[in-house]
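First chain A sits with chain B, and in the next complex the same chain sits with chain C.
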Partner chain A sequence: MELLVKSLPLLAHGAATTLYLSAAAIVFATALGLVLALLQLFGGLILRALVEVYLYVVRGVPLLVLLFAMYYALPYADIQIEPVTGGIVVIGLYFGAFMTEVFRAAVLSVPKGQWEAARTLGLTTPRILLDVVFVQAMRVAGPPYINTCIMVVKGTSLVSIIGLADVTFIGKQIVERTLAPFEIFGAVAFVYFVICFALSRLGRHLEWRLNYVP
Partner chain B sequence: MSIDLSFLTRVAPTLAEGLSTTILLAVPAILLSATWGIVVVMGLLSRFRLVADIARSYVEVVRNTPVLVQMFFIFFGSGFAGYPLSGFTAGLLALVLQNGAYMAEIYRGGIRGVSHRLAEAGLALGLTPRRSFGLIVLPIAIRNVIPPLSNQGVLIIKDTSLVATISVAELTFQARLLADRTAAVFEIFFTLALFYLVLTAIFSGCMRLLERRLRLA
Partner chain C sequence: MSPDVSVGSAVSAEIEIRGLSKWFGDHKVLKGVSTDVKRGEALVVIGPSGSGKTTLLRCINLLEDFQEGEIRIGGEAIGYTVDPNGKRMRRGEAEIARLRAKLGMVFQSFNLFPHMSVLRNVAFGPVRALGMPRKEAEERAAALLARVGLADKVDAMPSRLSGGQQQRVAIARALAMQPKAMLFDEVTSALDPELVAEVLDVMRQLMQEGMTMVIVTHEMAFAQAFAHRALFMAEGEIVEQGEPARLFRDPQSTRLQAFLKRFKQGYQL
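Right after this comes the complex of A and B.
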């Protein structure tokens, strides 16, 4: 217990890094997912094929392998990049593929009649997307989107393997010094639990708000 | 630009040494997760409040914490408690605990999708509720959720790479050793990614065949 109190400042520091990584990666993955989903739905043949290849590769290769590839290969390619930025980019690229599937499925779930009705009313395609399709797709996308966000938060733990000082990394270092795996890894798990649980609660709240019919 | 693929013959043999470990870990991890998931979903749907609550808490805790941290917890914790598990066993345990919870949620969705009239038909034929569930509802539910189960299986195959951190010499571990020794990092990670792509493609292909076999005419 005393040990836990003493390690608290260090763990809090790691938790802040984890939060920052998660938030940045979620923003990046969401933006990428939106763009790729739109390309896949409305792009030309070549663009669609490229997106499909990208999704296929990311679906079949572990996140850890991509992180290692970045970690080992970038210095050889003479690309100078902050390790934290590199981590955010790789995690964002990886989960962006998952986001793409979420958004695409949501847009496709909007009945065709909605498109036709909006077109009959004389709306332009961007207007239809924003005012008619997105608002309905958002409800469908809500729960799987939050699930993917939780996967991003959990996925950030892998950056500890390439030496970024997130909460998992710091926890492991403390355990190596103090030999108290249960307390420390329990506390680390608790940090993730709080973040993810808060996310899923927020998701449920939003879902309730979006489905509210006055 | 000409593409020289000769590096494949240099890198692939070393990686192949790790391939067998990856497969030996992935296969039991997938089978045990699928089985453990059934146990957990029985708990989630139990009539006994206490059992259902325990199962629900387990699922929530496991799904909201990273599998890597669970691996460290089990691996380092077991050593500290005096019953050291090998990296392989600890990794397998963590993978099954994590993915069993996800599989349970998939089964739950599948079971909810089966019309309750089918269960009632079983009762009308004189089956006990338990047998009606086990012989009618569950098989139909499992057949219906093979695609999401297959997705989860792919995630398990990819997550086996994490045991490299608790010194199990599987694919990613071998690749990292190679990358530390040589300068051919692009070739190494390209080949490594290829290995995983082939593995996951074979697995999803098999699952699609299974799905087609089980589909009702």
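Right after this comes the complex of A and C.
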């Protein structure tokens, strides 16, 4: 117990880093997912093919391998990325692929009749997307989107391997000095659990808010 | 059985269809259809399923592309223009949207926007496509909803309404754009029998007010009683057309005879 209290400031610092990495990676992955989904839905043949290739490559390679590539391989190509930025970019690129699928499926789930009804009212595609399709797609995208966000949060723990001081990294260091893995990793697990639990609740709340059929 | 039958003069025609042909892949679903719909005319299109009647309707506002022929709305060609070299060009999206706004369409499956109240469904088109101030659009929407008998439902969400009520909202939504003509695609086919009449009542009222209408339907009694002209299609062609009562009582072609016979048998079963 005393050990936990003593470790608390360090762990809190690590938790803050984890939160920051998660938030930044989620924002990046969401933006990327939206752009790629729109390109895949409305882009020309070449753009669509490029996005498709990207999705296959990224989904077919483990996140850890991508992180290693960024951390160890890029310097050989004379590209220097600060590890925090690199971590955010790689995690964002990785989960952006999953977000793309979430958004694309959600837009496709909106019935064709909605598009047609809006077209007959004289609306053009961007207007229909904004006013008619996105609102309905958001309800569909909600649960899998939150799910992907939770995977991003847990995915950030991998940056501990390339030396970023997130909560997993700090936990490991404390354990190496104190030989109290049970308490410390318990606390680390608790940090992830709290973040993910909060995300789940937020998701439920938004689902309820977006439920326009009372 | 010439498909090139046109009725009425070009001057008063609201919708002109000339030599319209459409293919789905290798399958030719419309084979050179030509007809005019005069201003204030209520035209009913009947025919067996797969005859191309819904496709014809959807070509009129370009929900379906077509490969040959021409459709004019109030004299303006919808969808395609022909450049000086004779090359057929599809109009730009904004241009097509502007032309589509001149036609109202009502669908078999209502297609109301589920995330908007009834009032906003009706005001949506004028606000977004015509740039009308929201307040004005909503006042007019409320008046239209009163006209179709739904004054007490303005704040309801579509999912709370019966099929017949939803379809009347859909009609009001189309009317809100002040269209030159209205297109009806089997609008009572998805309704419970006891709800059909309330929708047909609204349509009859529109006819009497002089709205130009093209109606794809299986409601033969309604067509016979109120439509100005009926057009029988089979296999992508206009087989026979004329004044509905005469057409149904005295069909000339064997295909229409067979169709009407099957139809009556269906009723008696």
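The working rule: the second predicted complex is superposed on the first by the 211 of 214 C-alpha atoms of A that agree within 3 Å, B and C clash if a C-alpha of one lies under 4 Å from a C-alpha of the other, contacts with A are read in each partner's own complex, and residues count from 1 in each chain.
Please note the rule applied: a residue touches a chain if its C-beta (ideal position, glycine included) is under 8 Å from a C-beta of that chain, and two chains touch if they have at least 3 such contacts.
Keep in mind that what you see is a predicted model, and the values were worked out from it rather than measured.
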item	value
Three-chain arrangement built on chain A, chain B and chain C clash or fit	fit
Superposed model, angle subtended at chain A by chain C and chain B (C-alpha, nearest 10 degrees)	100
First, second, both or neither for A:64, with chain B first and chain C second	first
Partner chain(s) touched by A:116 [first = chain B, second = chain C, both, neither]	second
Chain B versus chain C as contact partner of A:45, first or second or both or neither	neither
Between chain B and chain C, more extensive residue contact with chain A	B
Partner chain(s) touched by A:5 [first = chain B, second = chain C, both, neither]	neither
First (chain B), second (chain C), both or neither touched by A:124	second
Superposed arrangement (fit on chain A Cα atoms) - minimum chain B/chain C Cα distance in Å	24
Common ground on chain A, meaning residues reached by chain C in one complex and by chain B in the other	none
Sites on chain B touched by chain A in the complex	60-61, 63-70, 72-73, 76-77, 79-80, 154, 158-159, 161-162, 164-165, 172, 175-176, 179, 183, 185-186, 188-189, 192-193, 196-197, 199-201
Residues of chain C defined as touching chain A within the complex	61, 63, 93-94, 97-98, 100-101, 103-105, 107, 109, 111-115, 124-125, 128-130, 157, 159-160, 170, 173-174, 177
Chain A - residues contacting chain B, complex	56-57, 59-65, 68-69, 72-73, 76, 150, 154-155, 157-158, 160-161, 168, 171-172, 175, 179-182, 185-186, 188-189, 192-193, 196-197, 200
Chain A residues within the chain C interface of the complex	111, 113-114, 116-125, 127, 131-132, 135-136, 212-214
